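You will see two complexes here that share chain A, one where it goes with chain B and one where it goes with chain C.
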Partner chain A sequence: MTASRGEIADLMVVALARMVAAGDVVGVGLGTPIALVAALVARHTTQHGVHVLAGGALDVSGGVEAHLRDPRDQRSLTPGFVPHLDSMDMAERQAMTLQFLRPAQIDRFGNLNTSRIGVRSAPAARFSGGLATADVPALLPRVIAYHPDHRPRSLPAQVDWITGSGRGWAGNTWKAAGTVAVVTDLAVIEFVESRGRVKSIHPWSNASTVGESTGFELSLPEDAPPTPEPTSDELETLDLVDPLRRRDEEVPDRAGRDGRTTS
Partner chain B sequence: MAPNLKLVDASRAAETVHDGDTVYFGGTVLDRKPMELTRALIRAGRRDLDVVTFAGSLEVELLVAAGSVRSVAAAYVGLGRFGPAPRFVAGVKAGMFDDLEYSEWSLLGRLRAASMGIPFLPTRAGTGSETLAIHDFASVADPYSGDTYVALPPLQPDITLLHAWRASPGGHVQIAFPPQHLWDIDVLAARAANRVIVGVDQIVSEEAIASIPEHTRLFGFEVDMVVELPRGSWPTSSPPEHDVDDGAIGAYVSSGGELGTLNLARPS
Partner chain C sequence: MVRTLSSPAAVADLIPPGATVAVGGTGLNRKPMALLNGIVAGGVRDLSIVSILGSVDVEYLLASDAMAELHSAGVSLDGFGLAPAFRAARQQQSVRFIEWSEGSMVAAVEATARGLPSMPCSTAPGSDVVKHNPSLGVYRDPPTGIPTVFATALTIDVALIHAPAADDHGNIYVDGDLGLDGLVARAAKTTIVSFERQVATDPPLAAISRLWIDAVVPAVGGSWPTECHPDALVDLGAIAAWAGSKGLTAEMLEKAS
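And then the complex of A and B:
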């Protein structure tokens, strides 16, 4: 079975959106359209006051394209703008509750690499940098990762560099769960006690492909259910918030590999 | 009265930056980068700069190309929707300068500690991160709860360079409103620094500043020099004057990092 780039993006988005809970305040970082669309879908499909803080503005109406506008053209679309230092404080005091992160690598501890492959003084690859990837797993109640190219290199036994620790933070004053799950183009994996457990497998994949594509041992129930496909309501909402399909840009165009034929 | 006390040209401003200085470059990614002030530093032959920027882009590319850089401290260096910053990436891989990657909180927290005048800022952010370990921060026990926090020490740049919309000769700096995303980091970096130089699209009278005081974000006593540099952030944006020059940045990327006109003064 094969899936198009658009089908992969749609299912990843709705799988992320379904993990948003009542009352969540979702922070969205720069240049991550899947994260933005997922947060917007959750806001549209949840009746429980989900808020989205993206690009320095709260709850911008009008979908992804409105978020890309200059702030001067967002008048009447947002209740207000949030200075960045204020949003940092919101995260630190957990008024912001959730962020979706897109690492280059993620391991079984939920550790996130957005920095480099190889040693720091002479790396084989240097990514643009993690911004808050190091920070939010220890701040927010939870973070959820996503990766649109599930393969052993992306989900290795151990990340090349721990930009963000998946472990979170636990003390007398605050608790942060760290990385609780990763949504890939093949499956939804939850992190429980430093172990990845397959929660569901996307309709175009299967248990052996998921296992072979993962660099660490997975708890993989034989009867892991298929990830539920987007409902008609969800598809309608996707069209509403992202009519130009910016979400597809994050899915690699990679025809004919592992049954994930894309076009 | 010396109304032009703070108004200088770019070469005079560059003379006050020294080899080996820690220099914060304002703006974020493709917005409000102090490009013309950066070019002035390069023309003045500055070397061994410890470059600090929250989210660097073309200013880092120019400095790396000129061989002016000893280290780069940043939470991001890239060209936003145009992808990676080719010269920065090549320089890191070749070990041309020290790659002092920061997390967002640790860099901004250090600037906050400096701007607040406090000895350190405790935070949970970055706990367990190897990116934080680069900087060897101490930890601190909360005397009330006993919990352990990262203790971020102040970071006081020798100088902060910004590009903004307009300023008066007395150094009051105004930005467009509503402001661009991440505008407040420029103000933070100015208040953290030992000295501040602001390039602006327009120099206006003190009366013009006072006519829209809600736009004022830095005050004259916080600013050491202002430089009139129309389009001085080109090809990055400068609201409300102009947007990002997609064509110029696209050409830079598609040429694999040919500086071409980016190294020269901005087009009018």
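And then the complex of A and C:
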């Protein structure tokens, strides 16, 4: 069975959106359309007042395109702006409750790497930098990661560089839960006591592919259910909030790459 | 007294080689490109640059070989992806890069602005950013004993900021997010602001008081190719060309400013 980029993006978005809880204030960073669409789907499909803070603007009326507009053009579309420095304070006060992050790597401790691949003295690749990734996992009640290219290098036993620590160290006094789950293009994995536990497997994948694609040992129940496909309501909402399908941009085009899709 | 400089090129005389220079703006918003061009044209080298969220500022200084060290929480071209010169410099390790998180850098600059030796911050003690940044360390918070990241005050010799407007007393007016600019203006020993327009004096509306400003200089288009609302939009074509490594050159900057 194979899946298109669009099908992968849709399922990842709804899997993320379903983890948003009543009363959550979801912070969305720049350049992560899957995170933005997931937050908007959650806002539209929940009855319980989910708030979305994207690019400094709170609860912007409209879909993805309205959210990508310059803040000054959102004046009539939002009840409030949060300056960059204040958004840090929001995290510190837990006035923001959840963020979706897209790391280069994530390990079984929920450690996030947004900085570099390879050893420090001879890195194979370096990225833009950690931004606030070292700050938010210690602050927000929950962080949920997503990765649209599930393979051992993306989900290794140990990340090459800990930008944001997942959870736990001697003397830990976190009120935060740290990174609680990762949604990939193959499965939904929860982190429980420093172990990854497969919560569901996407319809186009299976247990052995998920296991082989992961660099750490997974708790993989025999009867791990398939990730429920998007409902008609969810598909309708996806069309409403992201008609131009910006969410697909984050899913790598796998044409010519083997081993990803399984029968 | 706030001085008015004759042109952005005059900024080079105020910056000694090896100085630590904080660059204002965030991402593709209000980068003081005309002032940076003045530095490069004046031949100032070996700078230690502080840019919390860098973009073409870092790219331009790398391409001009003016920077020896960079303090940043991240450098990218936003929607245009990774910054090519920054990425190459990191992979070749041609410039000393000190990685910060946004929160820890805010704390380090705030400590300087407040005249404190250090400030605690909410950065995770387990992060490798903390482990490898010499300005950061984990200590027990004295009153409570809770392990906490402390950021040592970051010395800033000069802050360079671009703003839409200034009045004739040197108060600075900004429409939109001030980012870290208000803090770096207070932290720096010398703060220089280029501006698009002269406006009537209205001190209560000032984003940065003249109290923190040492010199201003008019520079229409001085943030090109980044935005300066409401006077200038991001020049998407120029950013795209840079992202494709076609180059952001001094000639282009001079033409724009």
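To be clear about the criterion, the second predicted complex is superposed on the first by the 244 of 263 C-alpha atoms of A that agree within 3 Å, B and C clash if a C-alpha of one lies under 4 Å from a C-alpha of the other, contacts with A are read in each partner's own complex, and residues count from 1 in each chain.
Quick note on the criterion: a contact is a pair of C-beta atoms (placed from the backbone, for glycine too) under 8 Å apart; a residue touches a chain by one contact, two chains touch by 3 or more.
Values in this document were obtained by computation on a predicted structure and should not be read as measured data.
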Clash or fit: what happens to chain B and chain C when chain A is overlaid?
clash
Can A:Q74 be said to touch chain B (first), chain C (second), both, or neither?
first
With the two structures laid over each other on chain A, which partner does A:P203 touch: chain B (first), chain C (second), both, or neither?
neither
On the A-aligned overlay, A:G6 touches which partner chain: chain B = first, chain C = second, or both, or neither?
neither
Which of the two partners, first being chain B and second being chain C, lies in contact with A:G164: first, second, both, or neither?
both
A:P141 contacts which: chain B (first), chain C (second), both, neither?
neither
Counting only touches as set out at the top, which of chain B and chain C does A:G62 meet: first, second, both, neither?
neither
For A:G129, is the partner it touches chain B (first), chain C (second), both, or none of the two (neither)?
both
Chain A residues touched by both chain B and chain C?
30-31, 56, 70-72, 81, 83-85, 88, 92, 115-116, 120, 123, 126-135, 137-139, 161-165, 169, 171-173
Chain A residues within the chain B interface of the complex
30-31, 55-57, 70-72, 74-75, 81, 83-85, 88, 92, 115-116, 120-124, 126-139, 161-165, 167, 169, 171-174, 176
Touching residues of chain A toward chain C in the complex: what are they?
30-31, 56, 70-72, 81, 83-85, 88, 91-92, 111, 115-116, 120, 123, 125-135, 137-139, 161-165, 168-173
Residue ranges of chain B in contact with chain A within the complex:
29, 55, 74-78, 80-81, 84-85, 88-89, 92-95, 99, 101, 103-106, 108, 112, 123-132, 134, 142, 145-148, 176, 178-185, 188, 239-240, 243
Using the touch rule from the top, collect the residues of chain C that touch chain A in their complex.
26-27, 53, 72-76, 78-79, 82-83, 86-87, 90-91, 99-104, 106, 121-130, 132, 146-147, 175-180, 183, 227, 229-230
